[in-house]
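Paired with chain B in one complex and with chain C in the other, chain A is shared by the two complexes that follow.
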Partner chain A sequence: MSSKLDNGRASFAFQCADTTKQLSYAKEYKQYSKKLPMMIKTNGLAATFAFMLSKDQNKNEGKAYHKLGDDILYWLKTCNTTNDIFQNKSTFKDLVQDVINLDSFKYNLITQETINFLLWLRRFTEGLIND
Partner chain B sequence: MTNVKNTSSEINEIILVPEDTRELVKSLLSKVDNFSLKYNKYILTDKEGKINKKSAMSSSFAFPAKLLNNKISELEQAAKSLFGTNKVIFTKSVVDKLIVGLGTESVLETSITLHHIYGFPYIPGQSIKGAVRNYVIKFYFDSDEEKALTQSKTFCLLFGCNKETESKKKSALNEDYEGSVVFFDAFPTFLDNQVISIDIMNPHYGEYYQDLEPPADYLQPTPINFLVVTNTDFKFILGTYKNIEVEWNDNKLSLLELARQFTEETLTKYGIGAKTSVGYGYFK
Partner chain C sequence: MYSQKAILLIRNITPMHVGSGNELGIVDLPIQREGHTDFPKIEASSLKGSLREAFENKLGEDNLDIHLVFGYDEDADANQKIKTILNNTEYAGAVSFSDARILLFPVKTPKGVFAWITCPYALKRFDEDLKIAGLKKLNLPKELNNIQNNPETCIVASNNLLINHKMILEEYSFTASVDTNFAQNLYNYLKIDDLNNKLVIVSDEIFTSFVKLSTEIITRTKINNSTGTVKEGALFNEEYLPAESVLYLLVFTAPIFNTVKSNFTDDLSVMKFIKDNLPAYIQIGGNATLGKGIVKANFMEV
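Showing the complex of A and B:
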């Protein structure tokens, strides 16, 4: 167990929000970081990742979703509850396939970790990114 | 050869759930009668790996009528044991179409409020109370919420209030008060496979709305499907713990009776749910 606030989720989420704030799609990033936890609860993690992946990367919408996906994946690879599941292999592009090949227990673990991370991320995007 | 074909179609269309669940779903899908689960959780990808919205929209459903009837009598029973005679129950039918929860986050872009456990479409109580409160503020207090809270004791008794409004003015009751009328969830009285149907909105000037292009007819329309509730009635239940007599427009009547009048006015004149400005969500 890490002694950091919320196992380090908070400090990584702060970095993500901080590095995104000067990008052209910061506004979308902020908006979607709030939407995602609800979407995960409604439709499940794999469907949410598939939805994020399907967005066109040439538009701000797609850029923001892909950045969010990369940030989530990086966190899942580093945090100590889920890092052994991915073993640094996944890229965001393969994430849907990787996630649906897990058993329910690991899938639930990753779902919960993703939601916990996003709860911190939405707080920091709210504070750091202006509309 | 048939085997190869099967495998390739499996790769094309993935059910987006974990592996063990996927095996279960394949064998049990025909038995699923919870429409909420089927619509929200049974999400497939198409050949390009995108979410297959068409298959989700057209997923068949059959609502178990017995469950629905049980649920409704359960609510009526609850109202009776909580409020005795201080309750009103009335039924209203959907005029054209009703859509509650259209904007809820979903990978399908559009959504509909379905009961989490039973899978029925329904109108949550807080949604009814909110609509009625808005209606009353709009039509009786010139759209001024503060005016309603500071000038009308009846309004505060019905919907509840804080001791002070946001701009620190004293509310009419001058105390924190919980609204005296309880709004129950409204369930449809009747459900068959005609009740939920697929509707379409088709914005033509999407790029104009994003400030990218002038509005012109060479822009392409974007068809977006969503589900609506139609051809059914809803049962509304209101109750109150203590029956308070109030005065409204020089008439003396019970708070519950007033709440019933407001709710009926809201349903028939103001509409509930999304898209009321284009005729959705009205009752008769």
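Showing the complex of A and C:
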């Protein structure tokens, strides 16, 4: 991984957008990656994650949120500043469970990191995924 | 040389949008922020324009004193008359403003509706600025470094803010220690009612996250009159510094640079002019027609 934090985010976000573009729910994935940063800012990280979890995974909508959740988890596990917190988590549900038990400082750190990652993801889905 | 100094306090009565243009971040039209802290600020150039306008509204655009103190504005009304009096137009204004810095930021709380949060960095900087302005320094609480080392804790002004010994700010909770003296001390400078019931000091990092994530976001749109639907590309969101935010700036004055001095004999008379004529309420930033950016402004007297 690159030593530069933002470059790491950017290259992983590119990878996520690139692997998602062939999938049936690519359009939803693009749409939601755009929406999520603002949702986190206005409702908080935990509420947003809970919302994502609540979506039915049998539908395209749920699949897209599920993939977004997995991508966020994978990024938080890789990223320099947060990898120690989520090392053993394997599913998005585990991540959510962990997030709601974090102390304020770490919760805040994860919030910022998630938003920063999503901002890159949003840029790349815009360019790589067609409507 | 700018030798007279003062501190001007600004308290938002309505939300304020002093914009920095388009951005690729969360909001389309974000507010201005400091490069090194990401704290909201008001750029000195934005402020100078707003303050000059406030003076012009009160004294008239063709007021000679305004041209001497703020600098010559060739677009002002009746500029020929002024131009003739001033002989030439090449001179600097005699008043100088710093960027406005954030001191208190309002955050929702379950108890007392909202709290004014600040942090060690903002307070130390304010203390330094007090020194620059030649005002009495603050008596900062001793526990400031403790919160910095332990961001799970905070200092609150009153027991009234606490629920079960915890301070709740939006979705975060903090272990609190109570310090009534400091809020009283700060009140002597700011003269903001209820400060002793609402002041909370959190760590620099927590403060940064609140000023980044807890600003107001307004979604704007434009409806096409003939179709009654949203006009294409007209959906955008704007960031606002919420009402009740408290900022301050340094004001410096120099003797008038022009050979015409009018009533201004020295830098002191320039400062007096500013202090005597500043309206109590002024408008800063964009969306004035939506009632945004109305602030209460007053010079700090300590």
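Keep in mind that, in the parts below, the second predicted complex is superposed on the first by the 124 of 131 C-alpha atoms of A that agree within 3 Å, B and C clash if a C-alpha of one lies under 4 Å from a C-alpha of the other, contacts with A are read in each partner's own complex, and residues count from 1 in each chain.
Heads up, the rule we're going with is that contacts are C-beta pairs under 8 Å (C-beta built on N, C-alpha and C of every residue); 3 or more make two chains touch, one makes a residue touch a chain.
Predicted model only: the values in this text are computed from it and were never measured.
Undergrad: Answer with clash or fit: chain B and chain C placed together on chain A by superposition.
TA: Pair status: clash.
Undergrad: Chain B or chain C: which reaches more residues on chain A?
TA: Comparing touch counts on chain A for chain B and chain C gives B.
Undergrad: After lining up the shared chain so the two structures overlap, which partner does A:Ile115 touch, if you call chain B first and chain C second: first, second, both or neither?
TA: After superposing on A, A:Ile115 lies in contact with chain C but is clear of chain B.
Undergrad: Answer with first, second, both or neither: which of chain B and chain C does A:Lys35 touch in the superposed model?
TA: Only chain B; A:Lys35 stays clear of chain C.
Undergrad: For A:Asn80 in the superposed arrangement: first (chain B), second (chain C), both or neither?
TA: In the superposed model, A:Asn80 contacts neither chain B nor chain C.
Undergrad: Now for A:Thr91: first (chain B), second (chain C), both, or neither, which partner does it touch?
TA: In the superposition, A:Thr91 contacts neither chain B nor chain C.
Undergrad: Considering only touches as defined above, state whether A:Arg123 meets chain B (first), chain C (second), both or neither.
TA: In the superposed model, A:Arg123 contacts chain C only, not chain B.
Undergrad: Considering only the touch criterion stated at the top, classify A:Gln15 as touching first (chain B), second (chain C), both, or neither.
TA: neither
Undergrad: Quick one: is A:Ala46 in contact with chain B, with chain C, with both, or with neither? Answer first, second, both or neither.
TA: After superposing on A, A:Ala46 lies in contact with both chain B and chain C.
Undergrad: A:Ser54 in the overlay: touching chain B, chain C, both, or neither? Say first, second, both or neither.
TA: Touch status of A:Ser54: first partner only.
Undergrad: Given 92-100, 182-190 or 254-262, which one is the stretch of chain B whose C-alpha atoms run into chain C?
TA: For chain B, the listed stretch overlapping chain C after superposition is 182-190.
Undergrad: Do chain B and chain C land on any of the same chain A residues, and which?
TA: 38, 42, 44, 46, 103-104, 107
Undergrad: Spell out the part of chain B that touches chain A in their complex, as residue ranges.
TA: 14-22, 40-41, 43, 45, 48-51, 104-108, 111
Undergrad: Give the list of chain C residues in touch with chain A in this complex.
TA: My answer: residues 24-27, 151-152, 170-174, 203, 205-206, 209, 212-213, 217, 237.
Undergrad: Quick one: in the complex, what on chain A touches chain C?
TA: 37-38, 41-42, 44, 46, 103-105, 107-108, 111-112, 115, 119, 123
Undergrad: Which stretch or stretches of chain A touch chain B in the complex?
TA: Answer in residue numbers: 35, 38-39, 42-44, 46-48, 50-51, 53-54, 96-97, 99-104, 106-107.
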